[in-house]
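Listed next: structures, encoded as structure tokens.
In what follows, chain A forms one complex with chain B and a second complex with chain C.
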Partner chain A sequence: MSSLARYRQCLLNTYGRYIRLERSLSSSAVRRQQTVAATGEKSPDVEDVIIPKRISRSPTAVLDALASTVRRDFYSPPYVYIDDPETIPECLVDRKAYVLAKVSGQRAARYVMKRWPKNFDVNPIDPALEIPDIFKALTGPLAAADTEEGLRERIDLRLVTESFVSYQKNKQAGNDLSDDVVHNLLDLLCVYNSKDEECLLEEERLVTKTAASGSMDKIRNTWKDSGPAEEVFQDMKDPTLRACCSLIKGRAKYYQVDRAYELFRELEEKGMKPDIQTYNAIIIARSLMIHKAENKAEAIKELFQKIKGQGLSPTVETFNNAFVTMTYCSMADNYNAAVFVSSLLSEMYACGLEPTLATWYYIMRIVYRDNDCTSYALHEIMDHLEGKDLEAHHPDDLEFFSTAMVKVCVNLKDLELAYRIDNLLNYRNNYKLIGNHYLEGLYYNFYFKILCTFEQIDTIMEHYEKTVPYWFVPSFNSVHDLIEALELNEGYQYLPKIWTDMFSFRYNKQVKIMTPLCALLAKRKQNKSLQTQYRELVAGYYDIVKYDVMSLEERGDLDKLDSIRTVNAEELGYMCQVCLNSEDPQLARELFSFFLNYKQKIQGQYPEKTLESLVDQFIKEKNFQMCMCNLNDPFDADRQEALGLIYGLGYKSCGSYHGEDQITDGPDA
Partner chain B sequence: MAITPGTLKILALRQLVRPGPLYSWSQSFSTSLIHEKNIRAGQVKGTANKNKPLTYEQSQYPHLMGVTKSWNSWNTSNLDGEMAFAPHTTAEDTFIRKFMLGAWHDLFLTEVIIKRRQNMVIVAGFVKRVPQTRMLYFLKGFTEELLSHFLKRPVTVEIQTAGLRDLIHKYV
Partner chain C sequence: MAASIGSFSTFSKWTCISQLLGRNYPIGYTCIVRHCSANAKENKKPASPTPDEVREWKKINWRAYATGRVRLQVPEDPDFPVMLIPGHSVLPQVLEKREQAKRPPMKLTQPRYRRMLPEQDWTDVWPTAHTFKWSVVPFPVRQGFVKPTESALPREKYGNAELMKIPNFLHLTPQHVQKHCAAIKKFCTPWPKALEDDTVCDKHFPLRVITRDYVADGPTMRDPRARFVTIQLKLSSLKLDEHAKDKFLKLVGDRYNKETDVLTLEADRCPVRKQNYEYTLYLLTALYHESWKQEPWEADQTEVDMIKFEWPLTTAKAKVLDTIIKIKQAQQEKGSKVPKILEDLPDTSSPDLIEKTEIIQEYKEVLSELYEHGEDVHQLEKYKNTTKKLLIGL
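Let's look at the complex of A and B:
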């Protein structure tokens, strides 16, 4: 009893009288209504109270309602990361590394638990409460292996090899095992192909690239032909229908298609009636035995007839598997799969089944097989899906959004459709279906690709600021697209933001990104405030470059310059140009002499435009020493010639003001 | 007769001295200040040079608990009727603290805060900023998994990072 309840009872025992008195004072309104009810009269101003009918809700209805109010927050990191500025990953590598670090911690803990299980036997919570199964699985003590109970426990815990060992021990001991246990064992062996598979932890799935079931590289016969599953099956004196079905499903799952179909034929000849899941497995197996697309379609139709003949009703998986088989057809078949697909789809609706996201994914793969195909299928799919709460039923459902975005970008090049897909993704909780980090990256990379191609720079940056960096870190190609879009739309005001982002994504050592970015900074002279910002960016970057190169030089490892810091002459030139644009000749001169010092180690060509501006600047300053340095460099002959002209002009114009002795002071003059 | 808190108290006290079942209700309420006889317990001794750094939590004296600082363990075991689990909770908290001391060696800058909500245990605190952030993630995964299976209930580690000197409140 809680303290409050006791307190109340204590009061009631002794002073109930007073409390009753208080109560009677406040209940006057209630009493009046009671008298009305007692006399049976009804006052005209009192309306009938209609008590609404009770709605039966699930025990988690309140939680569901609360969860539905949660929206995707673009401005905070995903929950998997520790919410602290230090620990939120900013670059692609960290995004993966942090999750994997966490997972490896979990694995280490599991190792400890496996190694010293006794320490985890304690049950500190109320002994009356049962320990949740999830905590039992790792540590619970098991019954002896050579008993039926021991086998049953091992099967329940999905310990595949241990179950089989226990089965063999039981056999040696001469125990009679019940049919149910043996069937369960066979199921287990078939599902896992008789081996313990280290399954991925929940968070590991986030960063691990997994192949969709439609992809060809997954198809390999890995079934153990004389493995434990087959052995258990052979031991059965009279294999039942359930055992046969398990084995067929197992063989088909691991692509031992011939033997799966063989057993299926045997069943048919005996006149047995396999369940619908077996038919689902056979659809895949049968189609892999046939090479020609037309024959595949025929075989599928035949199987559907058989399902109908058995009085079974096909499930969504039946149709999905049929779609998967059509994705296996090679291009060379020249078979118009779309016709067959549409007939399958209408059949699906006729059966009263709703296509899932995986269905649409397979259809996209079939229809947009060719990169030139510009079918309107995706428009129709979007018409169908728009404004719906989507749910995941199958791992392939998660492939939908990324594939749709790729197809929009590669095949259709339709910005409007890309927006529609993005709206669908951000509708309520649909974003949960975007899949793991790999698929998310694929989706956003292509989304940005199409945005950068067709959209104004302001809109691009709006989307960029929304998703970067918490939900998406642009890949190399995306950054290239973005820089191109910036150049095309003259989005110079966004350059400082992009520049700092490149540093946090750790792209600052990538010449392929930094050079075009520097070129963009140097492209033209901006207004004063922007140009000052540019100058600061360049000065900061120069400090980093200088520090890296100097520390290398101190260690005498200057030859490793390329591997550690990939700085490029072009990049230095553009930086110099930025300084000239900002009217900071001091820094420009420093940058140029830095280049001159290390020019043997630095690759690339110094941009001519910068050289010209430098010459102009030096002439303006009457600094002929630097001017000569500029010219005496072992540049290309053509460029020397061109520069010589400029120099000549400059010399002519300035020579009269300056004594010729200054020219002879030059180091190489 | 109107019931005011004053009369309630007198009446209830009268109830206590009566023969009959006694309720341990006096534990639930206390209206007077604690009698501070030993004022030196839990107070950090100063140094001559005044160069011993203290965090905010350490610098507040124990009698200010609930006034200017709060508790390190948040649970319901001090409520009436919850006594059955109080020793378990205390022992577990000690275990968790010792575990954190060893697993997160030399990382925690403050005391480990242990909060309990329903069957959930939240272990919180400030840790040092380390060059390898991956280490923090590894330890988080390790601690959560191991403690969850040890205590048989979900455990979450909620950490914040801070610089070495960020949490120093004063020197004594």
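Let's look at the complex of A and C:
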């Protein structure tokens, strides 16, 4: 989502309802002329009136200025969703489904345009958009394929395979193609590796996982060795420098490193001067051919010397590519890589180039490769970046924040630094650099991890309220951390909130979440209002469980109770305990009899403490029937022993044990 | 009743039964009843089913019936018990309701306004114009029609379409405006110090040009109304003599506001704003120069053409002078009595001299006032007194 586009849209909405902007034309020349015409003579005061010069501004400057007043609201859902409780997706699966559904609608619209282009030959956009010509791109090229014009049009529309087909048809027809067109075609084929790649739509990128260029699994030779690009290159009688450079860049991009370097050497031998982009590509290609960090460093130094020798000046990309290749070093070689990287960074400053976020990302990967490394590099990076408006230049820039947070949490364990990173992220419009949903999730998961480890519960919950659930749905592990923090800090007042959230995130069938949550609810007796809330939660949960189990039973699928996890004995026990704490023996009894009904099917151990409390309760009520139920059940032998004691004690205290008959009749008789 | 039915023909009998049962059962049902009762009562072969009946018959979900999911509902009529043949008789299908555990109601997420902090910045929550969102607005608000007979309150905000229809200004609170002003302040220049006073502004910059820009959300950014140009000017700022002003006003017609002394010219005939602006300026120039010109035919204008009361052009002037001269002559000839006031009149031969006398001037003023301000009791009284004074010397 481009936030500028979004804000423009917002502002158009704001001022779109025909707000009249009245203004007087401030052309002072016209006025003066009129004044003279009107009064016939100059007023003596007219010299004192100094009209200031108009401050020149772009046509959208006012809109941009107004857009800058719009800040991110943590308590509102992201712009992709419709802002209504019924439509905001709350769990991870729903979020993805929502975005993909939206995208599929857009794809359907594109399909319709492609299928029936005649219905869309009128472009209602006024003034027409210059680039890209959306309508043309959707409805296809107009000129015939076997003409130069047709080829040119296909190249402009980035139709890779169609362009090549058109090229072949031109060749068959014996047309003479101009050099420019052939070079453009070669560029296109090299950039896209001679195949059509379906472009992801903007919103689709939010939910699609993309590998950063630092990851090794992306490096695979996918270059088509005898593909259209090579064919076009072979057809050139005398390949020019531009063609050679295009091919080198193409080969290097798709990791056909040997042949890329081979062609590069040929060029050098001929004494031709490749451009800086070709050198950038060759840096990657050359260093992928070498394995040891020291040798890599040597090769890169050599290439930098060559760049200098050609009279070219390196760009940020040159350095970034050098950094990327150093991240490919093996773990054992990492120290050497780190040493070279630091010298490379100082070289970069010496060249007057400012490192981008991607540079810092590569450096972090190298420096903090070992999880035990506690270098102060990240502190220095943050010193450098703090209070800056950041911009994205490269897809890897988006990896910065999530990686930084992971390193803070795993390596440095520095809460202060985590806050600094978070402040930088929320400074002005830097938030758009967070990346897609995966990176955002990664960032927040680790942020919460470090918060839960070091921070007070009130502060944790403050951050939780801010980001959950609209910006971040906590992962399984995050929730676990949070529950641990709640237990440690005794944040009982937050339990109702967390509990309801778990249901909206659909974590209510996760044993590892629900069991500790239930245990926490039952841990001790709370004050009256809180305890009443707890009881409500438990009652609601019991309704759901009852419905699930009974509908299974109806279908005769009760055996599946294990596989479709609904509840376990521990949870039931804790729930029962909560009811007892809330002084609601009715519900406690119901929960207990529910457990007794299905105990063959429900897994887990009923907690002892609850059994004891239940016995106490039943004795108090003189409900001996239930008490016997409790005891007669095949629990563990030890437990029976223990309970027998309580049983005896209870009876003694009640003093109303008169025999077997009375027990079976129960107190109601 | 059953006996009486027996005498009907087969068709009318079963139609009658359907009516008796008080419901229109599907044809399939009628068919079954016919089969059953024909067998049971009349003890003869039933009439073969009609094609409609066969079609309905086929629609019945026999499998559901066989597995017991469908229970047949038998209409209860004590006079006419329907015989059911298990596996054959089919009556309107009703899905059997088994006792089920009640599904707990889906709980919706809390609306956003419940999570908002009291000290939050409203400009962040509602940054731009938007239709009313019930889940975001934190205050209670109601709108809707209530019948006068009902004492209920209008509907509250949840899902209230009335609130969505009307425009709201939740995006233009004073805080918003303050923020926006601060953001666009950098494009503003200071106001010239010499022009603090409005009168000075009017003096130096008498011409006011009004144009309007329209911003809308749509495929086109052009708005046909943006071409309109209006210019405004105080007439007093133009240099005009009496004749020119008179002609100017006649030319501009109702574009001149007499009370505020403002002339308004509006143009929308050209497709582009610039053209319209230039056209209005041309119009103003043309008007100005045209009104200074004196055409020969302008001498022909009469009292009716005049905007203001013009004493020299009125018939009243001629008539009054004529009457006075006649009175004077009569006095001289016959020595009759004339009003005292006319006794001192100068020589009758020169009307100009007569005109300058006090009484005629007074008469002229009163008459002009009468014309200018319209008739009322006070004016008429004055007019009457002056006339009486003039004619009979009272």
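Going forward, the second predicted complex is superposed on the first by the 579 of 669 C-alpha atoms of A that agree within 3 Å, B and C clash if a C-alpha of one lies under 4 Å from a C-alpha of the other, contacts with A are read in each partner's own complex, and residues count from 1 in each chain.
We take it that a contact is a pair of C-beta atoms (placed from the backbone, for glycine too) under 8 Å apart; a residue touches a chain by one contact, two chains touch by 3 or more.
Fair warning: this is a prediction, and the values are worked out from it, not measured in the lab.
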{"item": "First (chain B), second (chain C), both or neither touched by A:Ala173", "value": "neither"}
{"item": "Touching partner for A:Met272 - first (chain B), second (chain C), both, neither", "value": "neither"}
{"item": "Which of chain B and chain C A:Arg110 touches, first, second, both or neither", "value": "first"}
{"item": "Partner chain in contact with A:Asp94 - chain B first, chain C second, else both or neither", "value": "first"}
{"item": "Touching partner for A:Lys102 - first (chain B), second (chain C), both, neither", "value": "first"}
{"item": "Chain B versus chain C as contact partner of A:Asp84, first or second or both or neither", "value": "both"}
{"item": "Chain B versus chain C as contact partner of A:Cys351, first or second or both or neither", "value": "neither"}
{"item": "Partner touching more residues of chain A, whether chain B or chain C", "value": "C"}
{"item": "Partner chain in contact with A:Ser68 - chain B first, chain C second, else both or neither", "value": "second"}
{"item": "Touching both chain C and chain B, counted on chain A across the two superposed complexes", "value": "10-11, 13-15, 18-19, 22, 84-86, 124-126"}
{"item": "Residues of chain A touching chain C in the complex", "value": "9-25, 30-31, 34-35, 37-40, 43, 45-46, 48-55, 57, 61-62, 65-66, 68-73, 75-76, 83-86, 88, 90, 124-127, 465, 469, 500, 503-504, 540, 543-544, 546-547, 550-551, 554"}
{"item": "Residues on chain C engaged by chain A in the complex (per definition of touch)", "value": "98, 100-104, 107-112, 115-117, 120-121, 123-125, 127-130, 133, 135-136, 167, 171, 176, 179-180, 182-184, 186-190, 192-195, 200, 203-217, 219-222, 233, 237-239, 277, 281, 285, 288"}
{"item": "Touching residues (chain side chain B, partner chain A) in the complex", "value": "1, 3, 8, 11-12, 15, 23, 25, 27-28, 79-81, 85, 88, 92, 119, 129, 133-146, 148-153, 159-161"}
{"item": "Contact set on chain A toward chain B in their complex", "value": "1-3, 6-7, 10-11, 13-15, 18-19, 22, 82, 84-87, 89, 94, 97-99, 101-106, 108-110, 112-113, 119-120, 122-126, 131-132, 135, 138-139"}
